[in-house]
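After this come two complexes, each holding subunit A, first together with subunit B and then together with subunit C.
Right after this comes the complex of A and B.
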């Protein structure tokens, strides 16, 4: 069976969960790029390349990063803003998961129940999720892969997301610092 | 949720939508707002997809504004019109399967007590008459028999409004509904009496004609449930869509019923009465101390 590659969509209504196609989560120290396990450093460089070359790169910080400002969240927040500045990315928050009525304002927020609205409205070609609870991130990633051509990145604090086009696991202050370094290296023309 | 979760990460304050900034700066978290202050603070339940003149949404708005401690409250809903309201609520909430709400709330309340032994966590069930008195009656009654410490609120529109208008156990005898054309053949279930028999420490029956009464009863129900045992508040919320009323007429109907077949009733157990009296005394004392302080400052 040909290996399933988790590439940007649109894959159509109800895209399959990548896990159903045999895509496995990265092991400690690894990341995922298009469904393949790679070294964490390789994944960080691939994400950095995407961010640097994107027309409208955008960070989507979720509730775990936006609320309850622990020291860790503050530092992670500072680094996310720093990376966003470095690549000229927008920051559009996902403050909660309510499917708001009549609809969210896609110019200023993103929602896991219809993330495609924000992607389409802002013409986002690379979207980075961070601080979003696992099941809501999976939902958003699948919808985006189903209906848009946006390249998705999941900077996960746990085991990574197989439905993202690229994902890091155990994302903490150190790995965000490493991603910032990777972005600077890519901007200077690579290693 | 707790109060600290309502604090914003300053690195993202500039990109947060206005709605959230308003909730943090002028919302009810950690502040003493109630139904009396509606219109003067950012509410947790604002835009909603309910029909014009919906009394359920009115009751929902009032009880959400009357939560004694919203930052530490989780609401449990069920299938029905209220499940369309819940997704708009800026508060942690759980949607249960039809009728399961009191079973879910039992587990939730016990889980929260284990997870946060030093914190007060309120659980409030809000469901329609179908979920409470028909499909979930066993779950409702057994949570009361077990003495589970949470408040149950029934929005009683006397109909399955969301599915076109079938009669429910709470429909009055003889009433005709869109999908019950021969009329109801048996009496309205007296869930309030069942609640008293089942051991609820506080029970109230109110209508949307008296918003402040709803607020007071609901607050008592949450506080008594926190300290003593299960409580029940039944609110008459007529449905203008199914009863074919103009949107402005539904509250008038509630007013009319509140003088006839839906009169205000309240049952307070002796233990709950003692608790509420002690609490009122404490509040009065606090007010006295505050005004004394203010007098001293102004002098």
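Right after this comes the complex of A and C.
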């Protein structure tokens, strides 16, 4: 049977959890691109290329970035803004995880239970999750793969995400700085 | 407080590098010795035979200062709910139950998995069928297979000790973060003394770090508390259904991600002796010990028989079982229950499952003499209930 690839959707009615189809989390120093383990640097360059070439790249900072007022979080937030500025990306926050009733305002926020609404409304073609708890990020990533063609990126502070189209693990200030460098390299025409 | 200051160490260090001393203790005492070193914050107890002694001994640890809080719940449902509340608040927890207690608490187990709680629980299995029995039986394990929890089955007190200690590090990983059930056959292991190699008393596991949780830790001291994670409310629309479905997939994915971490501690999901033999006995728990003796007896009679010991039931050891039984012509599955749930599991994993002899099965508290397994190995008897 052909290996399952985690490519942008829309994948259909109920896309599977990639982990249940043989996709494994990256090892330390690695990242994931479309479900394959690659070197972290390779993953960063792949993400940078997607961000630079996107029409509506968008960052989705979550509670761990928005509300965690540590020096580390502040520095990560500053770097996210810098990367967003560099690629002309929007920043649409995921401030909490409760479903929004009666209706979300998709122009100003995204929610893990119905992230497709924000993606569709803003015509987002590359979406980057950072500072979102892993469970809620995976919830959103599968729904986005199911109903949209958005390329998803997860910049994870822990072990990475199989359900994103591309993912880094152990994302800290150093790896965000490296991603910023990768974006600048790609903008200048590559290595 | 403990006489000595305990040094926090990693699970790997504790289980692989610390000096061990051999002691002659019961399975219940092995639980106490594991929890003594597990740096548990809260343990909640409710008595039910044959589990009672384990949580009684864990209570002694509270008196000795090894556990930060300990109390008796109102019943098993309350215990599992209280354990859930403590885990949601971000502390390390432990409890144990068995048989009817397991069923009384049942609603909590899929809730634990669904709310991503890294609870470690031990089940000292016993019968639950009517007429009431307190005797050994693994029937409850078959009922727990689809609750989302990781399930390990100890053959003896040594397995029980090691599996409890390793379970905290598996359950608490960010990418896993679901409950682990460590199962052991009640009485046969809990109430008999065996040689167990335990690590020195001056170490304990590193504390649980709730900041690594894949879900937000909850403030359980400021009412109103919430019993579940952000619900999708009971809306009848596709968006609610999709969110629910994606959530449940994520819980299943979490168990799948546990595979390499379980293997790192146990070495493998199954162990096999004499893998080229055309007849294989497949078992878990104390049925492995009986099966091992039966294999020895059968081989003395000139029969080529091997043994497969299953240590992990969830995540399911599909590939491992398929490999282990690839060349088997006849597969004998002895079980301590009337339902034959392990035989059904194996039948769903392998091709040509008419190779399976789904027995012998004993239940109601009966022991399993190796001779009855030998009879099935020889094909002399009808198997089943």
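Quick notes on this structure:
Rule of thumb we're sticking to: the second predicted complex is superposed on the first by the 191 of 191 C-alpha atoms of A that agree within 3 Å, B and C clash if a C-alpha of one lies under 4 Å from a C-alpha of the other, contacts with A are read in each partner's own complex, and residues count from 1 in each chain.
The rule is short, and it goes like this: a contact is a pair of C-beta atoms (placed from the backbone, for glycine too) under 8 Å apart; a residue touches a chain by one contact, two chains touch by 3 or more.
Small disclaimer: the values here were computed from a predicted structure and weren't measured.
Using the contact criterion defined above for the overlaid structures, shared-chain residue A:81 touches subunit B, although it does not reach subunit C.
Of the two partner chains, subunit B is the only one touched by A:92; subunit C is not. Once the two complexes are laid over each other on the shared chain, residue contacts for A:143 go to subunit C alone; subunit B is not touched.
Using the contact criterion defined above for the overlaid structures, shared-chain residue A:101 touches subunit B and also reaches subunit C.
Looking at the shared chain after the overlay, A:69 reaches subunit B, while subunit C stays out of its contact range. Judged by the touch definition given at the top, the superposed model places A:114 against subunit C, while subunit B stays out of reach. Once the two structures are overlaid, the count of subunit A residues touched is higher for C than for its counterpart among subunit B and subunit C. Once the two complexes are overlaid on chain A, the subunit A residues touched by subunit B in the first and by subunit C in the second are 98-99, 101. Within the complex formed with subunit B, the subunit A residues making contact are 61, 65-69, 73-74, 77-78, 80-81, 91-93, 95-96, 98-102, 105, 108-109.
For subunit A in complex with subunit C, the residues that touch the partner chain are 14, 16-20, 24-25, 63, 97-99, 101, 112-114, 117, 133-136, 138-140, 142-143, 146-147, 158-159, 162-163.
In the complex of the two chains, the subunit B residues touching subunit A come out as 4-12, 15-17, 20, 47-49, 87-90.
Put simply, subunit C touches subunit A in their complex at residues 116, 173-175, 177, 212-216, 229-233, 235, 239-240, 242-243, 245-247, 249-250, 252-254, 256-257, 260.
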